[in-house]
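As written, the chains take the letters A, B, C and D, and residue 1 is the first residue of each chain.
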């Protein structure tokens, strides 16, 4: 079986990375690439790295063409734009993996508060499945609409979930301090990411206002219903292309050893193909260009410190989407990703 | 007046940076550079950046020569080595600014526990003054031996001190999450700092075991005697040369507004030449190659988040040492640093 | 004496660097900063690195105000814009150091061909002095209008001139292969200099069409009149902030030894404060944040290879301008630069 | 068919990169990894990026074990060491792809002059095939010993060969100016590649003495026998991990247009899967992590300027080796590489 894949929003970094991975996916075929009319053209002119590898034009979007050419759409559009394009895709019978935040929340209120805009497609929120396979594998298999997680939430949620479910940590005192490479900011040039500004600089941004805060919090709350969860999330940006390291500060409910934590993780993740439990500390260099999430925990003074590392473009975006796609089409989850 | 300055340990990064700053200091003159015999040679052969700027040889150390040629010694030796070289310097009547950790603790026990070695010069611990001018300006003026602070403690201590003194924050729940450029690891090549390993990677290290943890904690305890203080310190390294950003998580004792925090900082630091209070978030790019410490605070959920940025080589090492030197010799504290 | 300095075009990188250097210049005072109306504001809001160091507003340009407040204008405007602003400055009696290409050519034809626009101020070309102090120190002293050299030409011209004047090399077979840091492309964000595009990439650009080609050629021709000179210039960009290394391929007219070349350079430059002749190979790390030009030569097979290194923002722009300013106002050429 | 592959010298960068590529090669299986005894251990402890991907120990070398476990050996040993290990491998009936320079020259004299050591295995030089598939595909198919090309020669030889064979350029006036990422210097930490030294610096090295000069020259001479060829080669290093851009200066024998050059390249390379002819200028970002060589030519003044870009670790080392391996074992040359 060949899965026919359309990429909507093909000219951004998430689109580019999806194309890159799919080019060596043995059971998927890129059939249709779309973008805004002014960004269209041959994919090799837009991304010279694909020259001689992919002979497709990026075209303006056309639902009928998508329906004819594709089984699934990777919707790599920005927040607030996806919810306009997704309903007709679903109506046309296509399966959709959406990279934006538009379908990640069950409650439109969360979305509207943190993204500061009314939700235009609340009807489809119900059927949307949050696409973190390690937590929701079965629902993803049957989903017609998958909301691919944000780049920052993936690592922390995977790192915190086992401890929270075991009742080991206080859900009301969680600090997620994370650092990302610059590709996370998208392909559009911005003054703060101009090379001479970004290179040789390190800084925090959107402290307490980045909407991945509420995304992490809602994910964790869904794991232990009825318990008040509080997450403080502070993102930083480092002068590198890819990778997210999250340093997570948790308060244990009672004394706990690192051996116990290790056992909890091992039980939770022993069968997971893309989670690697490490004894030494993770570094982004070991996960970039892979779909792995590396996890380590330490007990220090009165805290548990959990560290997670992913590639923001792979496990934090396109790799995870393709892992979801593999599940949705019943093929080996690892296909094209190892 | 010209202050005659010797640099002991002139071939490392702290030595190099001290030389760099002193070359444009109008009231100081480099008269004597020392290092291990196998590292000696003309300073311009060791550091080509100084060619045609400084015609001195780095020589093996000789107390008598130091006494004849210098008024003050910047002792840029490693931890555990300084305490062997400092006693004869003091005995020779020289004033000493020591960059190592050897004289930063009042109690030899702290040193011995965290640096895992017996202290060889406990007799001089008493007279040593911790060289953070914003906290101990008057004692520094009269000091014969200044213990220059570690690179990591400087920013967090300056960022936390005013809030702690005002009783605004819980001293037993302090998290310091900090990120440094690679020069902080010294000039000696190491596998993890080999360019292709360090570039494009971000990671934490020495979680809970880095001795700057206890240095920060002891500094803060000295400000509010009799109160139990607990600091959790997690250092990270980013692919850049210079700079430290510290993201500090504090728990307010009662509700507090960012305006109130701002007022507290303004009162504490309004006359400080090297502290800049910022409304926007600090970035290391704005402080590198300067002696400034930029500070911003935010109130988020149940936390205060304080951010501080310094250049680890300047305010975190050589710049601060020269600020201390200026104070010790009664000249304008800013000389050579602005 | 304090030289009162205005900076026109203060919001770009050349403006920022001029401010940075002048802040520690003991005989110059920044009195007036100007930019386009939409870019105006407090200098510390535009460049947070200057917070607490300079309390000036960047204002829209006003000739009368400039005349009242300044003795000299550093005109950091783009090519094609300078020639509109410079004539009224000169008419107001101000001395001008212009960073653009607008006054670098004696013949309007060169300018018009390479910059593809008519020259709007040919009348002032005659009095403009090309501001390379090592070649034209005396004319610079008396100049009212100095055309500050381009960033790329400075190193190659200094590296080639002594050999060409001695008749050692064939003027018709000169290749200049140069690599610059990204600050040379200016402060305006551009897709190709967006961090994730520029980092981890190296490339050539504007091969044979970069107008610094003709600037180098005309400079060299002025040294040996009546001889046909041909320069092939290929610029590259590397993922770093600052610095230009030029690798220059020359053909000796007859057999020559590296010792002879060294002697020629030594004679040409022995009194030059900002030229350093090196035996080992120059690297940009040794010159960044300085006004030095490091030069080395090698004889290989049938070629002479000359290497020069400068900081494109200092000796390649603002440092050289301030060196010129010092000469124009009769103070020590090195003031503020060492 | 599964090709069983041993990697000798598995702990260096060439070994690591070979492992990385082979992990997703559908017709090859890593069966045996070897290194010096003191560097042995589980591959995931040596390279954490391979954790959970490859469960092999790096072991001390043993010819019998290699013979039992492998069909081919990728010999990633340093120059001068390979020629000690290769003879027994060949004697054991194994096919060998050697990454060192030890078998790249037909004449021991060249090797001995440029590598300054006697050749210890001249007997096998005759059968060694220089492994550049675009030039010697048929001989590679039958080879028992392939000498994998150096990282620098690959691009320039591919860029120059078609023009030289057509007699378009003067073989006695060839300048190759090339810039490499730092991984080319190997995994062993060195002072000049310590992050704070290498970052933010650009420099040339080994001007006229780098042995890739003679390797390029001998390759080109083998294409047009009986003609004197002279290559001047100057390598540079840029602050990035991967990639080589070569800027090649050629002198046309008579007037030539860029269209003509394009046609010559198209004819030479139209069927080549890993050569991409580009109209715009190549950049290393477009080829890193791929086995492509991008080529562009320009005609400027009296010169042809050819630009080539490769990933030094892929087409410049491990990718090319695996392309050679595929040919040697009769499978599709592109397997595992696209």
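FYI, contacts are C-beta pairs under 8 Å (C-beta built on N, C-alpha and C of every residue); 3 or more make two chains touch, one makes a residue touch a chain.
Given the structure is predicted, the values throughout are model-derived calculations rather than measurements.
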Pair joined by more contacting C-beta pairs (C-D or B-C): C-D
Identity of the chain that, by mean CA position, is farthest from chain D: B
Euclidean distance of C-alpha centroids - chain C vs chain D, Å: 39
CA centroid of chain B to CA centroid of chain C, Å: 37
Touching two or more other chains - residue numbers and ranges from chain C: 181, 199-200, 239-241, 283, 285
Chain C - residues contacting chain B, complex: 23-24, 48-49, 51-53, 200, 273, 276, 278, 280, 283, 285-287, 289-290, 292, 294, 338
Residue ranges of chain A touching chain C (in the complex, touch as defined): 13, 181-183, 187-191, 193-196, 198-200, 239-241
Contact set on chain D toward chain C in their complex: 175, 177, 179, 181, 197, 199-205, 207-208, 230, 232, 234, 236, 238-243, 245, 247, 249, 281-285, 288, 298, 300-303, 305, 307, 309
